[in-house]
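Two complexes are shown next, each including chain A; its partner changes from chain B in the first to chain C in the second.
The block that comes next holds the complex of A and B.
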């Protein structure tokens, strides 16, 4: 159900509160997933003129699961706070005194319901942590993380009910990783309109058994961060070591992410330096260059009366990865009508050279080898191509 | 994982390290360290900065007063106008809307150009090929660039565009025929263009890059008669916009007229005088010369108008073996 439909059908007195929930309402660590509303129903008689829906199911992302809570208002008495049914968690009985927005329910405050849901999630989290007591091993994991201020405040725990066949207990930890993404160059974080949420990295660790012998970690990144750091295949995290524990493992993953972020930032600076050096050497013949991310540059060079273009493409993990030089003729097309160009990868290159050294070496390379190739091209194509 | 330290090369000025534009520093790479409004700071304190951002020599381009080599035997193009006329737009490779205006007068089909293998070919033929090269290359460099085709007879006709697909433009390119033209109406051409474009609004020209720029490339070959041009206010305004560029390739018969007839040089000078900002490129090529000259002009016109140097500073030669002059670059 789209938010617009839900807002259309809800009873008018309840609409402001539902609005703040469905429009950008985020309650947990996973800010990339919004709250969703389904099963919008009414408790009024069918003779009541619509819209008069006053109850719905709210889908809440939590610790990698989706909680489905029924929220039940009464359209006849819209000033009253709603009732909740917490899915199948019949044993979850939050203490009302821990829910300030319930105790002081303000039907006139559009944010009231959203705040109450947040408080309930907090209580739910405590409830789940209590259930960890069934496994001393997992309780230990929890306690050790709790003590560390980097992680302790940003956890969601889901302790699943025991598997009735095997009697096994399982749990999932969802942690927000304290990695600083704020220095990633903005051009890499594309389309912030589509991804206005916080840039976040979440680590989900599933314990399939109480003895922590089957542990499955997974890394989730907000879409723009995933794009900025290269595709997800490049972001492989190590398997959870057997006998290991989270308090050792989680910092390791943070370190890997931090390194990647640093590498991307460094790459930006290095590309910028490279382009600056090339402009310094060849700048009077610049055709175009990427002035935002410094990922590409095209130059026009001339040898005697003969012009040719050089397209330089800089990869994301430059300088580790070598730039591609493509030489293109301005006079000829191929037999299939494409621009006549030739990619050059085997030129002298070392990631340890600075931008200036790279530009100088590329200069020598262009002078030495390709002039011969280029004049060959002219000679061999001159008869075939220049006539209509 | 090795992270090499960025350091200055021997004898090379270190570029000012600016923080990249990040969410925590939205100004970032456009931090202003000097009043020139350039994207990078100028790290050479010895070069005096004019008060208004300008591209006069010494600011960030060639720091010597003469270009290394003069390859083309062209007329000296006028020097850039003084600082007060300059509005320096940030040197960003924003998308271009390129309007290619092709003259279809008779002169274009005279077989006088000398092609690679020595046979004669005509200017229309070469123009078609070089326009195709131009749009395909621009498209390869940046797929956001858009193109349009206008043909010029006695009046101007907008044939195609804007499109970012080079094939669409090229499909109109090869069915053209020349004919005898009585006159050239530059005002009409510029009006046709003006009606089809909308120039970006000019807030903060020096700090905010435009969403796109508009460039007209006119390939023109008539020699008879003087260029009559009394622009309306709207057309003048368009010509003066910092986001509008009017590049010209003038194919002339190379002959100096005697008496009252105007020579091609006068016409060429008229075109040059249209450029009040000093930012446009103009080329003159002889119709009876080598075709390669014409190809080379089009290649030089590939350059992005916001990133290319002043035409008088442009230099394309490869320097073989010796250390190139270290020209300061700002990015």
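The block that comes next holds the complex of A and C.
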């Protein structure tokens, strides 16, 4: 159900609060997923003219799960605070004194419901942490992470139900990794969905048994970060070591992610340096270049009265990966109607050179006699095509 | 009749069925009555100890910890229909208080094949409901109950009759909500009643057109801060079993009912509360017991008399045999003595019995009239008459074996 549909069907007196929830409702660590509203129903009779829906199901992302809570208002008494059914967690009974927005319910405050939901989630988190006491091993994991301020404050835990037959107890830890993504070039982040939200990396570690013999980690990246770094498949995290602890494993994953981010940032700067060096060497021959991401450069050069284009493509992981030079004729087309071109990758290159050195070597590659074969080939081929 | 000891029974194959009726009345004093029927059908009644516990925690309730208590909620179809009718006519959720009676029944079954089986049943009888005029009337946003408001809602009804509360909400799940759980716990504490129920009705539309609606109802009780779903039995609604009507009659608290019972009960019940026929049957049974005992005494006396006579006969025979042995060598002269004694006996019998016609054998005509005859003719004739009829005398009715009496047909 889209937010607009939900807002259209809800009772007018309750609409402001629901609007705040569906539009600005981001709770918990996974702020990329908004709160969703489904199963909108009414407590009024069918004779009541609509819109009069006053109860719905709220989907809340939490620790990799989706909590489905029923929220019940009364359209005839909109000033009354809502009531909640916490889905399958029938034993969850939060302490009312820890819910200030319920104690001092203000029906006129559009943010009141959202704030109350956040307080309930906080209580739910405490409830799940209490359930970890059923397993000393998992409780140890939780306590060790809690002591570290980098992870303790940004952690969600979901303790699975104990299997009455096997006696197994499972749990999932969802941690927000303290990685700084602010220096990632903006151009890498902009081609994403509308309003992608906060840039965040979440590490989910699932313990399938209480003795931590089956542990499955997984890294989740927000869409913009995933676009900037490549998806999580490209970013391979190590498997959870047998007998290992989260307090050792999580920093290891953080370090890998940090390294990746730094590599991407440095690659951007390197590309910018490379392009700048080419501009200074081939200033008069520059046709166009990518001034935002510095990934492409096109030059118009001449050799023995023969003009040709040189396209320089820089890969994402430059300077580790070598740029591609594409020579293209301005006179002749191929049978398919494209300008005749030839890719050149075997030229002197070293990732340890600075941008200036790379430009000099590339200049030498394009204009020096050692490489005249390339232009000669292009020239002869284009002449042959003209004669035919 | 065997004796019965409450601690250890000695009578085999006795099924003891004890029905304990605990009526909850603050300050939470209980009585248990045990009713036992032994193998000969006689009823014994025992009164058990008084049980008392604190109302602050369920765990202190003795019956809830002694054995598995099975709670059941019962209500009549009228009450359920009234609840539903109230919500149908309301444009929002509704809630209110439930009045009735709660009781505990303890059944103990003893048999040779198994050990004591204690079965405790909690029964909540819903008799009445009082609706609140608006929602969240007697509690606030965090479930704190206002007892004064509850009393106002109750009006003239007694607070002790409150056994729970109810809520009806459309299109929602059959689960207690967060606030309902809070209110339930607070209400238990406020009214000092650890045994309260919460009845939830959730109507919903089955068809899109709204032609068919469904109302699900359930009851919940709180056990150690966990809420348990309790089965609700609607009187005479459901599968009709043979004993469904006879199991337990629902108590009625209506004033008119009590007035009618008071007016007409004397026709059916005696002063001790039993049916009049029962008293009459008991009286008849007592009379029969008296007559039986009287007959037993007579039999006993006659048996004792028979025993005495048998002892005398035995003694006389013993003496006779001794005498015969002593006089055995005396010869023939002694043999006349028995004959002389026999003659004397015969003369005595004749003298005593000869004149009484009852001791004479008579000859009857075909019309059953006696034929007048001579009395005894002498010794020999008297002796012969006992064996064979004298000549000239007609034979009596009884024919000897082997001879058939000819029947003469009358010509008239």
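Quick note on the criterion: the second predicted complex is superposed on the first by the 359 of 388 C-alpha atoms of A that agree within 3 Å, B and C clash if a C-alpha of one lies under 4 Å from a C-alpha of the other, contacts with A are read in each partner's own complex, and residues count from 1 in each chain.
The working rule: a residue touches a chain if its C-beta (ideal position, glycine included) is under 8 Å from a C-beta of that chain, and two chains touch if they have at least 3 such contacts.
On a predicted model such as this, the values are computed, not experimentally measured, just so you know.
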Larger contact residue set on chain A - chain B or chain C: B
Touched partner set for A:216, first chain B, second chain C, both or neither: neither
First, second, both or neither for A:41, with chain B first and chain C second: second
Touching both chain B and chain C, residues of chain A: none
Residue ranges of chain B in contact with chain A within the complex: 1-4, 6-9, 12, 15, 17, 20-24, 26, 28-29, 39-40, 61-62, 67-68, 71, 90-93, 115-117, 119, 121, 125, 130, 132-133, 136-137, 140-142, 290-292, 295-296, 298-300, 302-304, 307-309, 313-321, 323-324, 326-331
Interface residues, chain A side, partner chain B - complex: 182-187, 189, 192, 199, 259, 262-263, 265-266, 268-270, 272-273, 275-277, 279-292, 294, 296, 298, 300-303, 305-307, 309, 311, 319-320, 328, 330-331, 333, 338-339, 351-352, 354-357, 360, 363-364, 366-367, 371, 378, 382-383, 386-388
Chain C residues within the chain A interface of the complex: 88, 90-93, 134-136, 141-143, 169-173, 175-182, 205, 210, 225-227
Partner chain C, residues of chain A touching it in the complex: 41-48, 55, 70, 72, 74-77, 80-81, 83-86, 90-91, 93-94, 96-97, 99, 102-103, 105
